[in-house]
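Two complexes come next, and they have one chain in common, chain A, joined by chain B in the first and chain C in the second.
Up next is the complex of A and B:
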């Protein structure tokens, strides 16, 4: 029983990490209508920025905050320079451009920081023991951060005018524009929010993996995709649920079947779920109209 | 206004093409003195089919100037790029010293082949070096690529002298083409086992009683597992856990939980530095308070920086030790390397020095005898300069070897890592050091001579 509980603890932490990343990705899809393959590199930029900040003498918290803001800025910049000019030409040009940007950003990071891994500056702390289960403080922080991020996003989407505009743009941008919503500005804000979430996820990924490399975000992206698709692409609440299913599924599979195939369990969970709910867990819930 | 999106799309696609090109471009070829000499290195090598002829020099008349190309078949990019970075300056230094000396009739050039530390890229790089660049010998590969490069060597007849490949695959390779100036993992594994099972080796009050093995699933890593287990068995110890893991994962918590459930007092971790740092941290976060024992990849200052000094404090590490008789020569080498490249010797530096010196002396021996430096001729020449025979003059450098060979003597090269006497499979024996991280710095605890380890 304690092994099961321990696995659930690990699963919640893994799901939390995936969840925050999935939220940012699905949010941008919901409003822009294309999957941003360069999203993984936003996570990497966050981790490298934090490492750079700390090695430059900034306290970890300050460096992390700066890193999140940097990623939001990079997301906005990418949209302005590459995505916005292509908007209106359909999803495919945007998709291909994002794949290209993913490679460009990886190579830029590799040129800037080298191929060697860098240590993510997370403090070394002994675990908390609760009964027969131990909880690494880093994982507790990851979980708490995810809960807060999800709550803030919920409030943003449901309780603010900005959230209504974002949802209206996602549902039907032409109609939203006719209704007086400044959809271009709303899209920009969406990129910023997506970037903030990516920045946060990058911090969590760095703290979890402990090393920072130019490909860390790219390698992590398939798991995020699995959560997003499982939750129903474009559905923030679905992404959260999908992330938890994927995270806990990965840890259960690693513990009770084989740790060698952790990623395979993520996709097995995805396939199994989609067999029964082809549109994802939260079908029909909607931020993205069809 | 309508042209801007098109312009940007074009720019984006151009960047995509640039990135894709950057990802797939072949490894750069450089000469012995950097990229600017790259074209020289390839142009001086024979375009003839070296795989069948075995002749790789541009001039085939005996006694005349020869251009000998040597391939650095090593990882220069990727997770193990540090290996290439450590080897290259040493190889360049030796080659520059050789070329500055007039003894060799011609010159030696280095050609870089990036194996990326993986099998597929290793095969591609080795094949290019062997066929397009016409090298007569490889300095390399690492154990990581050896499985694939082995076939290229056997197909083309290129001689390999690796300063880095400790893999047990080479213990009884059974061909005259394989040489190495690094001791086998078999010996290293026994050194680890001796340190764990015999308290006197590390000067501890008591020996470890519950060792566990945690080994990454890669040929170069698995190579260590059996010698350690066998060595422990010889010490009367049975590992309480013997686990493996897929490398490069996001988390190793399940594997760590399995190992820690066996309550080990020491864990032998055979893994890449990146994975090792993550595993040690996750084990710490899971409450592990025992000792770690790591191998050469982690026993360096870079690993302490990567994992964090606090995390690795008290960790033991295995590393090749200099030859007991070579203390002053190692100091001299360090100074020369510092002067040449501005770097301190690092992992595999001494092994590289010996590997390139042996190749240079073997080439010189052939040239002075009026023979061509070919793939076919090199193996016997390498044994002749490396191994001790009656009447050989002992030499410890290219300069000393030159004087002896020019005087008509046969030589026995004694290197920085050991006597460099190759057995029938091209293996050498050399001492190992056990180091411990003390206040963030690797500190030598003891040195184990090969004869103490009862192995080849």
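Up next is the complex of A and C:
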């Protein structure tokens, strides 16, 4: 029983990490209409920036805040230089472009910093013990961050004019423009918000894995895809729910089946979801015509 | 001199193997419009299948090294088995995935390729996992004693097989089946309304691509004589994508050309070592030059899609199609329309 509870605690933490990443990805997917394969690199950039900041003498909190802003800047820059010029040409060119950018970013980081892992500057703290269950403080912080990120995004999307514009653009780009929404500006803001979430997720990923490598985001990306698709594309609440399913599923699989196949469980869940619930747990439309 | 010739010979062999991969992807994407982001899985399965089929069995006279399973069958059996296994895996994946809308298929195949890689690296009884298999027999090795001569002989054999693949791909594209695939690509609902079973058509195209990639895996594994799970990473899939997009999707000759350009560019970065500054950087950071190679490949993907979406040798069409947003045709139309 205590092993089960322990697994659930780890699952919630893993799910929170996946969830914050999935929020950012599903937001940009919903509004821009294509899957940003370079999203994983945004997480990597965040972790690298934090490491760089701390090694050059900044306090961890300042370095982390700077890193999140850097990532938002990178997201905006990628949109301006590469995605914006391809608007109106459909999803395929954007998809391929984002893959190209993913490899460029990944390997530029490797050229700059080499292939050796760098330690993520997270303080070592003794885990709390609740009953017979260990709760590492890092995982508690990860969980709390996810809850806060979800709440802030909820308020942004549902209670602000900006959120309304984003939802209108996601629903119908042309109609939104006709109704006076400046869709290009809205898209820019979407990339910034998506970048902020990616930056946050990168910090959480670095803290969880305790080191930083050039491929960390790329390797993590399929898990985020799984959460996004399980939740139905463009659905923030769905993405968070999907992330929890994937996170807890991965930890349960690792504990009770085989730790070698932890990632495979996430993808098996993804494929199963595509087969039996192609519209996501909530909604979406995987088999809709092109 | 002979050393350079051998180096050139092995590069052409590599380009021909990439051509097979590219033609496989071209049947899937160029003809049927399927976004296969997991092509490397079929390549990997073909490579391991051919290795295991041809390795001498445990305890036999030819046995050397470290693996446990081998059938000791001749190379042609390995090639055929690799094609069959590549096709079967594609059937398994495709039976569930081809119905998915474009980008969902991309994610599903990407995830499935990762599952295949995880499986290959964990099932060490079959693949030797992180140790790899290093003594894979080379076909007809005893007939050609000199190692340089063997490289040339292998090139000839690869050229024959790839040439056959090219002829088949061209016939396929012109056949009624190829036309039906293009119809599915342009407008699946319209094609279905004409009585075509579009899911079955897409599944066939997907399996054909898997067979091509499986055969390519076999040729590759015997040309280098060793195999390791970490060789089958996602960047291979996207290099093949680059070859297809660069050469011209939907045109078998174009994608072969694209593969040669890809290999030339990729191997060309080896000579950056000769640039004085670069070799210093390479000493400080040994991953510098290999990483630079992938930066170039990534950047090329971005540039090709942006400036030459039809590739060097575009697909020939009788009549310009007026397709919906998102297809390659609308990409072409958008770039050619006066703005």
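Heads up, the rule we're going with is that the second predicted complex is superposed on the first by the 277 of 290 C-alpha atoms of A that agree within 3 Å, B and C clash if a C-alpha of one lies under 4 Å from a C-alpha of the other, contacts with A are read in each partner's own complex, and residues count from 1 in each chain.
As a working rule, contacts are C-beta pairs under 8 Å (C-beta built on N, C-alpha and C of every residue); 3 or more make two chains touch, one makes a residue touch a chain.
Predicted model only: the values in this text are computed from it and were never measured.
Engineer: So, does A:259 touch the first partner chain B, the second partner chain C, both, or neither?
Structural biologist: first
Engineer: I'd like to know which partner A:271 touches here: chain B for first, chain C for second, both or neither.
Structural biologist: Second partner only, chain C.
Engineer: So in the superposed three-chain picture, is A:107 touching just chain B, just chain C, both, or none of them (first/second/both/neither)?
Structural biologist: A:107: touches chain B and chain C.
Engineer: Between chain B and chain C, whom does A:93 touch in the aligned arrangement: first, second, both, or neither?
Structural biologist: both
Engineer: Quick one: classify A:180 as touching chain B (first), chain C (second), both or neither.
Structural biologist: neither
Engineer: Once chain A of both complexes is superposed, is A:131 in touch with chain B (first), chain C (second), both, or neither?
Structural biologist: Neither partner.
Engineer: Quick one: classify A:34 as touching chain B (first), chain C (second), both or neither.
Structural biologist: Only chain C is touched by A:34; chain B is not.
Engineer: Quick one: classify A:229 as touching chain B (first), chain C (second), both or neither.
Structural biologist: second
Engineer: Applying the touch criterion given at the start, work out whether A:220 contacts chain B, chain C, both or neither, answering first, second, both or neither.
Structural biologist: first
Engineer: Which residues would you name on chain A as touching chain B in one complex and chain C in the other?
Structural biologist: In chain A, residues 82, 85-86, 89, 93, 96-97, 99-101, 103-104, 106-107, 115, 260 are touched by chain B and also by chain C.
Engineer: So in the complex, which bits of chain B are touching chain A?
Structural biologist: 4-5, 8-9, 12-13, 15-20, 22-23, 77-79, 81-82, 217, 245-246, 248-255, 257-258, 273-274, 277-278, 281-282, 284-287, 302, 305-308, 310-311
Engineer: Provide the residue numbers of chain C that touch chain A in the complex, in ascending order.
Structural biologist: Answer in residue numbers: 35, 96-97, 99-104, 106-108, 110-112, 114-115, 118-119, 122, 188-189, 234-235, 238, 241, 245, 285-288, 291-295, 297-302, 305-306, 309, 324-328, 330-331, 334-335.
Engineer: Would you pull the chain A residues touching chain B in the complex into a rising list?
Structural biologist: For chain A paired with chain B, touching residues are 3, 6, 10, 14, 81-82, 85-86, 89, 93, 96-97, 99-101, 103-104, 106-107, 115-119, 124-127, 129, 134, 136-139, 208-211, 213, 219-220, 223, 251, 254-255, 259-260, 262.
Engineer: Quick one: in the complex, what on chain A touches chain C?
Structural biologist: 34-35, 82, 85-86, 88-93, 95-97, 99-104, 106-108, 110-111, 114-115, 218, 222, 225-226, 229, 260-261, 263-264, 267-268, 270-271, 274-275, 278, 285-290
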